[in-house]
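First chain written, first letter: the chains are A, B, C, D, E and F, and each begins at residue 1.
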Amino acid sequence: MPVSNTLIADLTWYDFAEKVKANPIVFLPIGSVEQHGPHLPLSTDILLPQAIAAEVAERVGGLVAPPVAYGYKSQPKSGGGNHFPGTLSLDAGVLIGLVRNVVNELVRHGVRRIVLFDGHMENQWFLVEAADLALRDQAMLGRSDVKIIKLGYWEFITKTTEKVLFPDGFPSWELEHAAVMETSVMLHIRPDLVRSELIPDGPAADFPPYDIYPFDTRPIPPTGVLSSAGSASAEKGAAVLAQVVPDIADALIKAFDAPTA
Amino acid sequence: MPVSNTLIADLTWYDFAEKVKANPIVFLPIGSVEQHGPHLPLSTDILLPQAIAAEVAERVGGLVAPPVAYGYKSQPKSGGGNHFPGTLSLDAGVLIGLVRNVVNELVRHGVRRIVLFDGHMENQWFLVEAADLALRDQAMLGRSDVKIIKLGYWEFITKTTEKVLFPDGFPSWELEHAAVMETSVMLHIRPDLVRSELIPDGPAADFPPYDIYPFDTRPIPPTGVLSSAGSASAEKGAAVLAQVVPDIADALIKAFDAPTA
Amino acid sequence: MPVSNTLIADLTWYDFAEKVKANPIVFLPIGSVEQHGPHLPLSTDILLPQAIAAEVAERVGGLVAPPVAYGYKSQPKSGGGNHFPGTLSLDAGVLIGLVRNVVNELVRHGVRRIVLFDGHMENQWFLVEAADLALRDQAMLGRSDVKIIKLGYWEFITKTTEKVLFPDGFPSWELEHAAVMETSVMLHIRPDLVRSELIPDGPAADFPPYDIYPFDTRPIPPTGVLSSAGSASAEKGAAVLAQVVPDIADALIKAFDAPTA
Amino acid sequence: MPVSNTLIADLTWYDFAEKVKANPIVFLPIGSVEQHGPHLPLSTDILLPQAIAAEVAERVGGLVAPPVAYGYKSQPKSGGGNHFPGTLSLDAGVLIGLVRNVVNELVRHGVRRIVLFDGHMENQWFLVEAADLALRDQAMLGRSDVKIIKLGYWEFITKTTEKVLFPDGFPSWELEHAAVMETSVMLHIRPDLVRSELIPDGPAADFPPYDIYPFDTRPIPPTGVLSSAGSASAEKGAAVLAQVVPDIADALIKAFDAPTA
Amino acid sequence: MPVSNTLIADLTWYDFAEKVKANPIVFLPIGSVEQHGPHLPLSTDILLPQAIAAEVAERVGGLVAPPVAYGYKSQPKSGGGNHFPGTLSLDAGVLIGLVRNVVNELVRHGVRRIVLFDGHMENQWFLVEAADLALRDQAMLGRSDVKIIKLGYWEFITKTTEKVLFPDGFPSWELEHAAVMETSVMLHIRPDLVRSELIPDGPAADFPPYDIYPFDTRPIPPTGVLSSAGSASAEKGAAVLAQVVPDIADALIKAFDAPTA
Amino acid sequence: MPVSNTLIADLTWYDFAEKVKANPIVFLPIGSVEQHGPHLPLSTDILLPQAIAAEVAERVGGLVAPPVAYGYKSQPKSGGGNHFPGTLSLDAGVLIGLVRNVVNELVRHGVRRIVLFDGHMENQWFLVEAADLALRDQAMLGRSDVKIIKLGYWEFITKTTEKVLFPDGFPSWELEHAAVMETSVMLHIRPDLVRSELIPDGPAADFPPYDIYPFDTRPIPPTGVLSSAGSASAEKGAAVLAQVVPDIADALIKAFDAPTA
């Protein structure tokens, strides 16, 4: 296996120093350790953005930083809930601080274009805060030339790809937890980690229009899968990647040239 | 004007002590000071939940706590963005701490059923964290009988009401910033604060599937209104309240009896 | 009712942007949710500074920001104590962070003259810290032209007005909790919220020269009123406002021109 | 010099363990490093409470913990201001955390009666918060038998002693910074540290009824002494101690037996 | 490749729930992203503890949690220094909070025996604090049956193995940065990531007995390697693992049965 | 006793202002309140660095700031452990914040050369963080001319002095807790605080190569002394000071002229 050219983890500091000179886009994959039903591993939310970010990085000559493996607390409507065994989550303050620190460190070493590459829906607002605070830190240090993009790869899935994934109609990205899309991409990139024989089939979960703490577990499917993964396939997973990887790459290249507020 | 029976602000401590004995649902309205276009005041996001919470409280024999007037940083896709003049926002840690404090204080005085009644989309995940941390605090104090519900009133608007509001098709709740729904309810409850002659009309904003910091202001409508408010009316506002108030009241009564995880 | 010209809450962002150009003094009223005896509402400490700040703002062409409704923990000697029902208080760190955030946000939008307008004695040292930390934040951002004034409106009451309020002798501002001054001003500005028939009369509280935690409740009057409010009247309240409003206005205009350390 | 029986610093852990069995009152002196004019050392505010606490401890069979030498930021009206050279102050959060930690540690080793013995007026509200948070920590650990008293020794000075100190009339405790009382007690307990020949004489400072940040240095006497120390004497200092030491001792013994809220 | 039985990342939540019933020892590898000379990757400090922990876990029927990939700031004397390109480090508060969170989450799901498995010398004291605070959190939740062990695998290397590694004499573990031991183990477990042709040879660094900030870079070898790695070999690496893996396994089994303070 | 010329505590602000003009090295002694066996006082770890720092300051024309008397949590292997009675320790965050505050305050008043003079092994990494964060604060304020040195005086003891102290062989600095070196220096500088008749003699403690929380108390000597103090003498203490004082003075003078990273 050749040493990766895009993973910071695999580089020496000499390699890193050399590469940073070219002002690369640096990707920080951020995931979670979260239940993903009987068929997907607890690391699903970090494996997916790591894999996709690596492919995008390859295209744009970017680098992928070591991942933030732990994420924010799983919620019933988007992840089944934090009470499922093995779901190991961070407090908001810790997640914000961790991402803020890593961003500031990248900037300290010369990086100016950073992508917070999210694999876990519950992380998103805390990434917004981490980006905002890191930019404030940089402003206090007199630096105003840093740009940070935050994205969830699933938001780039087009209507066309949606139809490939869900020929019978799309539920919602929130209910897509451990369901067709995630299972398909895992079957494509890490089939060894999918227990295909345990892929559950069942109706989509139905939640009330509020959130209650402690959770009301009654509307949560006992498997933790929020809508059926029955129609998942490696082919569908390949189709997702074939579309989102170039689309994200294109979008980022344009975005980093955009004027700022 | 008779002294309100539901606003904690208007009660004496004797009144409060008496009312808490009945185990009331207590509502904490949480808003923002955020641009709402040329026609709505900066306080729109707190006026709406205050008004609606008061009506719901009336129905369920509940109480409304003094509002949290400041909220999380406005984002382009849901609020136009924090750079608009007059938008005064809190850091995540402050907002979380503030709501956590108020919840813990209510519990200290005997309240066991609390609703975080949100009027500002950007607040929502920080309210989740506040609820989680307050319940942890209570667990550390040996108390496990507290329930907290977090809701955005707009999530209770039914398809039927959506059709009243948007006979020509519904954009999305995120783009509904300072648009038909908010303007209509403001025309119903506080017409004195609406500059009707300045209600903007124009196409809905179109954002890329990522977020960039500092903001790219190009896709943000210069008015700060994310989709047309042209068809807003006090009648539509009345229709929203006529539907969501009883629906929220009913949902809460059921929800507070639900079993917990 | 015409839309206020001084309340930021009532302005649109266009209004705000326009007004900030004139370098207005911006007032942030800071209060508490605190017991005020059997006759005054829990919101007394925020209603008073809001009302007075609005009148001062009118005189100086200033603006009033949405209030900080919650304040620091009530103490026996100045507020009866945090254990009274309905007293909802913040931890020091949250109050400091909240005021610091709001000050920084005002500055971000161009405000350079800010008044922390306190209505609750227990807040004062935390406002000092908020002001100090906000100025440090601004220094880190390279900005040194901001001035912050912290005041309690009661500190502007002259000996002459004291004699109007207390013809038989003045106890002390600390014991003036829910007593003659506060009751009188409330009778003047919000008589609808005063239960006149419940105004207590009784000797002033007598405390030892130390503070004990948890509280010793024996020296605390059971009503929570620290000295008699029996002689309160709307006329006295009007006299207070007639004196302090112009005096505060004059003092602020002079103070914001003072040289700095 | 015999090893002190009251200073925890001088005890071995065997001594400490033995003494804690008797449930002693433990004193934590809290001061500041703050300008005290041309004649008193920067450590005045910690030397005084250490000395007085030691005498009180002797009387009540108590112990004195190592002092908290640094305190909150000096203010013009009570200490001349933080800008005076050599004034080394803590942020509120650090001071609160430090005192909270020490209190919790004392409790961990079996202490149940603690006195926060303040020598610096600016510290007081942060000591309130430290006490409150430490009691909350203890409640979370299931412990409810701890009592904390916070006091400033000067608050125990009686009218009679005031007349000894100020035969010509008493200004106010706030203006008593580096003035008659502090200078007198220093002349009594540490005459070696007083530059008697430099004791300033001059009119008391006159401040407006608000605080401004950054400071307006005009009303601050250039020496940092807020009212004349001209009439200070070791005899006056001895008189202060002769009165406050037994009075504080008596008050504490009674106070620690008081019922709690 | 069969799915791992010890990596939590690879398990489903059903697997995790099942395994936790046996009260397994759970290992949390904690590393850094730190320069390791011209020949080793930036991830060396996490690859080593992950690999070793996995082998130990295999022996004791334990589980390995997803790693904490980022660690504390590299110091000249033990890691060359934080200024080397690619060295991405966390503030103390973030690292402490992160490890404390993960420990608490493991405990929440039933884990009672946790090993903080450190691969980066600079982390150690912050792991002590994380362990202490997590145990305090658990005590506040009423739980006292958790044990946490913190270790650096290198501390288990015996004198015998030291002689295998350093036949000509052992410098010190601190100077063993990117040198013989680390290079040898990397050559054993991940030879694909070692640039053998770039292994530097040179005298050990010589530091003064103090630390200076900002760093004095003169005593730091420009390669970042603190002593010669010239004699490293895969065989030496295999010898290290052959010794430390069983020794750590044995020690842990005994340690988790030890009585507690 | 003449007023000290090096102790900031003893200076007036006029003195301080005058001395700072010469750009003095300022020493901040940092210790602990920690068990030191049956023969040494709980304040040993602050008395030693205070005394030594004062002598070094004398030589280099420096100043000694008031000490940080409380330190980080005692550990079995270096201090016996935090469970010993009278050991009063700080959380990491508080210690870091305290030292960071004091450093920043010294810099605010013009100090540019600061020594964190440690007397307690457990403090060291938190001092690293305090130094790093203070320099970051200064960078945010636009200041880059500050240097901070962190040292433990024992690290300057030469091999020659080691032989004077331990003619029969040196155990390790970690086991030197309350043993020959510390006892000897205390006998030299504060014999009044040493209970010579209680100096324990016994074998050095033997610890496993890991740390366990809560502590396993079995390997901890019940006296808290980690290796024999039997051969301690005032002469040895004098020898230590005679060597380290000039060596530290020389090293500091050179170090503060070193170039920076």
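To be clear about the criterion, a residue touches a chain if its C-beta (ideal position, glycine included) is under 8 Å from a C-beta of that chain, and two chains touch if they have at least 3 such contacts.
Predicted model, so just to flag it, every value in this text is computed and none were measured.
Asker: To get from chain D to chain E along touching chains, fewest steps?
Answerer: Shortest path length, in steps: 1.
Asker: Where are there more C-beta contacts: B-D or D-F?
Answerer: Of B-D and D-F, more C-beta pairs in contact link D-F.
Asker: Over half of the interface residue numbers used by both chain A and chain B, so same, or under half, so different?
Answerer: Counting shared over all numbers used gives more than one half: same.
Asker: Roughly how far is chain C from chain D, going centre to centre by Cα mean, in whole Å?
Answerer: A distance of 29 Å separates the two centres.
Asker: Centroid from C-alpha atoms only, then distance chain A to chain C, rounded to Å. What do you get?
Answerer: From the centre of chain A to the centre of chain C is 47 Å.
Asker: Among the residues of chain D, which ones contact at least 2 other chains?
Answerer: 91, 93, 140, 142
Asker: For this structure, give each pair of chains that are touching.
Answerer: Chains touch in the following pairs: A-B, A-C, A-E, A-F, B-C, B-D, B-E, C-D, C-F, D-E, D-F, E-F.
Asker: Give the list of chain B residues in touch with chain E in this complex.
Answerer: Against chain E, chain B makes touches at 139-140, 142.
Asker: Inside the complex, what are the residues of chain F that reach chain C?
Answerer: Counting only chain F, the residues touching chain C are 137, 140-142.
Asker: Any idea which chain A residues touch chain E in the complex?
Answerer: 1-3, 8-17, 20, 33, 35-43, 46, 65-70, 84-91, 93-94, 97-98, 101-102, 105-106, 109-110, 192-193, 195, 198, 224
Asker: Can you list the residues on chain D that touch chain C in the complex?
Answerer: On the chain D side, the touching residues are 72-73, 75, 81, 83, 91-93, 96, 122, 124-126, 128-129, 131-133, 135, 147-151, 155-156, 208-218, 251-252, 255, 258-261.
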